[in-house]
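I have placed the structure first, in the form of structure tokens, so that the comments after it can refer back to it.
A, B, C and D label the chains in the order they appear, each numbered from 1.
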Amino acid sequence: MIDLIKQYTETRKHTESLCAPLFIEDYVIQPVEEVSPPKWHLGHTSWFFETFILIHHKKGYKLYDENFDFIFNSYYEGVGERVVRHKRGDLSRPGVQSVYQYREYIDQEMKELFSQYKTLPDHLAILVDLGIQHEQQHQELLITDIKFILGHNPLFPVYENFTEDWIIKDDGFISMKEGNYEVGYTGNSFCFDNELEPHKVFLGPFEISKKLVSNGEYLEFIESGGYQDFQYWHSEGWSWIRQHQIEAPMYWHKDGKHWHHYTLQGLQRLDPDLSVKHISFYEASAYAEWKGMRLPGEFEWEAASSHLRWGERWEWTNSAYLPYPGFKKAEGAIGEYNGKFMVNQMVLRGASVATPAGHSRVSYRNFWHPHFRWQYTGIRLAR
Amino acid sequence: MIDLIKQYTETRKHTESLCAPLFIEDYVIQPVEEVSPPKWHLGHTSWFFETFILIHHKKGYKLYDENFDFIFNSYYEGVGERVVRHKRGDLSRPGVQSVYQYREYIDQEMKELFSQYKTLPDHLAILVDLGIQHEQQHQELLITDIKFILGHNPLFPVYENFTEDWIIKDDGFISMKEGNYEVGYTGNSFCFDNELEPHKVFLGPFEISKKLVSNGEYLEFIESGGYQDFQYWHSEGWSWIRQHQIEAPMYWHKDGKHWHHYTLQGLQRLDPDLSVKHISFYEASAYAEWKGMRLPGEFEWEAASSHLRWGERWEWTNSAYLPYPGFKKAEGAIGEYNGKFMVNQMVLRGASVATPAGHSRVSYRNFWHPHFRWQYTGIRLAR
Amino acid sequence: MIDLIKQYTETRKHTESLCAPLFIEDYVIQPVEEVSPPKWHLGHTSWFFETFILIHHKKGYKLYDENFDFIFNSYYEGVGERVVRHKRGDLSRPGVQSVYQYREYIDQEMKELFSQYKTLPDHLAILVDLGIQHEQQHQELLITDIKFILGHNPLFPVYENFTEDWIIKDDGFISMKEGNYEVGYTGNSFCFDNELEPHKVFLGPFEISKKLVSNGEYLEFIESGGYQDFQYWHSEGWSWIRQHQIEAPMYWHKDGKHWHHYTLQGLQRLDPDLSVKHISFYEASAYAEWKGMRLPGEFEWEAASSHLRWGERWEWTNSAYLPYPGFKKAEGAIGEYNGKFMVNQMVLRGASVATPAGHSRVSYRNFWHPHFRWQYTGIRLAR
Amino acid sequence: MIDLIKQYTETRKHTESLCAPLFIEDYVIQPVEEVSPPKWHLGHTSWFFETFILIHHKKGYKLYDENFDFIFNSYYEGVGERVVRHKRGDLSRPGVQSVYQYREYIDQEMKELFSQYKTLPDHLAILVDLGIQHEQQHQELLITDIKFILGHNPLFPVYENFTEDWIIKDDGFISMKEGNYEVGYTGNSFCFDNELEPHKVFLGPFEISKKLVSNGEYLEFIESGGYQDFQYWHSEGWSWIRQHQIEAPMYWHKDGKHWHHYTLQGLQRLDPDLSVKHISFYEASAYAEWKGMRLPGEFEWEAASSHLRWGERWEWTNSAYLPYPGFKKAEGAIGEYNGKFMVNQMVLRGASVATPAGHSRVSYRNFWHPHFRWQYTGIRLAR
């Protein structure tokens, strides 16, 4: 129990430390629907503890502010009305200071709740753990959303000395034999419902690359006309790059002859040795096609993972985000967590520089629509 | 070879016989993007033979009309510019008669091509077969597009005495054991690239329903408030039904107390015993959730198919449309056939009353976006 | 009364003669919202007589078909539900033949109604006259809509030997003195409510061109970069040409070096001496600005009209479409005719080659949104 | 000259004092395209002095920041690229403090420029005057934009003790005789180009109301079903209220039985005696129609103005925003000020509680699209 309380406290503090380099102004805006204002993340992660724990499990708990319930709900239909997602950036109030006060209030109340138990009962421990995991997911979003907000500003402001770089020098491929493999989560700690049940899958023989595709390799694809040749692309990917006039990864800028890319340390000259990032599934898939290879399936990735160095970038797989055999949604609003997104999204495996430690495990299934690329996403090849 | 020529001739005639009951006016319109004008289907299926066979393989072949190449191309990027898909219904010319003349010209030229060989060489036979298969796919679309055109007209015109009804009385479920199963096409006749390579998959134990969900059963879902309760729906499905104010399958109309549905024989009183049809994946999935069950995966379906009566309706599976291990696109424009659609679509298995005979096989993979429902689509449950 | 009946008969026949050169296919489509299918015009003009005359004034009149009331209503809110305007082209039924039968029925019934009177009572004569005027307006739309349908087809089909050409050789300007002028309709025949009340306006001194701007003159504007220089354009006009990539009048096509334009006689080489046509208000205004002049006001036009040759093209004025002092809407649905459009539209004066004789008078006020150009619209300069 | 410098200083200070009650967060957001972030107004008004005066007329002037030129340009095509208007709210940087530093820098530079002259030469005086007028216009927008930002927040925050209320008790109408009237600006001080040339207009006899329509009177219109009856509405107005589900003026909220409205002092109970405000042209026009009257023309208003109490609310007229006879755009970018908006907008006369003193004159022509209502707009009747 002490560990959980400690983890709670550290997680909450870490979220705030991620915002420390921000201007007040940076907390407020939402340049595109999928990028939420940092102050919304701060409020929403607190709302989660209030809504799913304090209201139900702390006697005499007094709601902090009825309006916050409306403002900081994300997509939980079962919990009531909410600000439409693309309008989060229309709200200048509550101000940043008020949101921090809200966090303090929640932390104080949680602390009191913890103090009422010698040992946290299981049903509460599970919820607290989920709230921590939830906040950690938002920590990753906070970083990528901050990067979007600053990286789409013509002044290209520096966030701080946050390193996004990663190089794997290992060339070559791992060979895997055909056979039945066990996939899914089998441990005793926290996992999401989408990692269950663990189950067997049959895989044919395959090879998977030891390293991720580098900026330099991706540049070859660009320079060979990859964005101009439909044959490498899914039909919807081809429409997407033409409609949005996409000709390079997100954050890349060509300044005369030289390519630069925006990083959280500011605009920098592109280093060809680093792994390419901010890639959509469409681009990852087109690159693989151009190379005469393919993306791995999520179970191939999982089966081979012990032989791979990973954790630098989320890696697109060619697997759609679907339930495992025996998948069960949790009861009530908590059950809205994952299952309802299981259509039209692709699975990513691994983790990124923005991923909190607790979110790195071989069974972890991240998922995004195939055109999203503001996350730290990269490419590993298979064949 | 005689068989192939005979099949060619019969397929071409059958396409025209499907249009026989139409008014000239019905040939022209395109009420929504995915429903093409019947005269476009007539032209496009001929264009396919012209573009992929006659131009390359018949010496001295004279293009029928340069403009037709532009007008009747569908989505083949490799073959040149084309009329934007949603503008097919903006073209009153070429007139219906001209399109039939185009068909005649192509048939005449194909006949001459055939007459030049005692035995059709393999590379040609393969293309002719593909052209026939392609035209058969459009025969199915012709029926569903005609149904859309007539069924969305306030006069609800009758097409002809085309029977859409099907009843399976078998109650209960088939039990399947866990194990490795072989899936994919293993025969010697035609199949699409998306059915290859045949491969092994591991399946856990499951049960699959002997019959499809009936109108009466689906009505219970409606009447119990299924369209008003978010918890049964994918997040995108919920948005979709609310945005389009969907509260019943396509073609259903409530007239005071009674439900009617439009069929190709006109508007008819709903028969609760018939299998429900014109269902989106979202609705199929929500129904299954409401029943406490799920949709089968495509390999579960294939593994169990020999124990099932099927062929009445396309059956939504909970499998995304993805390539099989070892999938290879054909060279050139023909290769644009299937692979580029392998994202954001769900697999349907089985066949429907509108499916030509040659398109019914257990390895056949149909696929649509999850919101489409103008095809004859239904629901089989699994658990 | 005989005159009115004769006029009725001739008007009705003329409408049908305009459609004589069409294919059945041409009657059905609606490539853009503002272009209605020809069969809709045929039905709607008949519906007008049925709805405003036969139903109320012919004893025992039997509605032809309830559905037609729904299908052929245009925008009369007071008369009931109707097919949404941009979906007129989604209806293949009623077929063209049925629509002609509907016309016959209405004509027969009108004839019987006429036969019941020696002299048509005033209230009926007024309505019949309005119905005739209404149908004449649709005759003009029929021509321009047919031109749109054929002229946006890649085959550029010929309609018939319809002459659109007009040349005025008179150079120079008419000088008008300052003073109070009488404007508005003062005769005893039919006029629309928007031409009343006649009233006095004060005009300063001005000059107005004897001729309209020619193709050749307009080409100079294009070639001098007029479409690339924002300073000639209204802000909304500039957005409009950039969004729609407009660089020439509607129906102009550059084939290598030479300009062609689509006419109802097919695609033709551009004649620089002819008056330019199919011009939006934005383009007319930008041209005038480029010339260092301006468009005339509608009262300037009216005041000078007796000195001008006009009738070849609708001429954009720089006057917004607003009510005259003392303007009164008619009672009931007929009152929806003009008044409710008096915002965001600009007045055009004159007439065009497509205008029926009865619609040419100096007080006539045509009006369109400033971006419309599928009518025969041209430019007269003032200063 | 001393007056102009004093006026410059006071205007600049007043702008900042309007922002004094804001949170940093309030400076940043742009909930709808037409509402700019307050910090954008602060920057843009400074940019105006920099771009049109300092760069050209102060020797050795050093541009403050190249990026600011891009960020704070509004719509001046002639001056270069700019941030797309609806994306002003996507920029968290430059921060509020930086924008105030920019203002300081500009003020310092302007002060130095002033100090170089004993008497400001005419061409400079004219530009300084224009810059002041421009900033005053933005002062009004600042207030209405702040009201929008706070008034659309679910917390309904208070701005400060800013009084929006106004009551005129004078009942009855003023009668005006027919005749020629002089309109337009005839003084020697500043006026906009759109107020010139002064000219004669002929007006028929009319009556114009002494007071504006009150909340109570407007409530009668609502309660009698005015928003549900198409016959009072322009066709485009009717579409607009249905599409946006508009049933009351902006900022009105019904709480059970009682109507409240948001004011800059917070949410308040509706006072039926106050003049109604935040009304679109469509609503003003529908109200007048319902009353059996009409809106005045802009020249009627101007002719009668000496008999009226006005200045509380901008009053919609039924006049389109068009150039006066002899209208001339200024040379260069300054000429983009007014003329290019002269289409699709309606004229408002008078002034509002948010209008700076220098902007109240009888010849002043305000203009907005007919659906805008976040300005202080009201209704005066005529007949």
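We adopt the following convention: a contact is a pair of C-beta atoms (placed from the backbone, for glycine too) under 8 Å apart; a residue touches a chain by one contact, two chains touch by 3 or more.
All figures in this text were calculated on a predicted structure; none of them were measured in a lab.
Counting the residue numbers that touch the partner chain, subunit A and subunit D have more than half of them in common.
Between subunit C and subunit D the centroid-to-centroid distance comes to 36 Å (mean Cα coordinates, whole Å).
One simple way to say how far apart two chains are is to compare their mean CA positions; for subunit B and subunit C this gives 45 Å.
Multi-chain contact residues of subunit B (touching two or more other chains): none found. Chain contact topology: the protein chains form a single closed ring, every chain touching exactly two others.
Interface residues of subunit A facing subunit D in the complex, by the touch rule stated above, are 23-29, 31, 39, 67, 70-71, 83, 87, 89-96, 149-150, 152-155, 157.
For subunit C in complex with subunit D, the residues that touch the partner chain are 75, 77-78, 180, 199-202, 204, 206, 230-231, 233-238, 281-282, 285, 294, 318-320, 322-323, 325-326, 335-336, 340-344, 346, 370.
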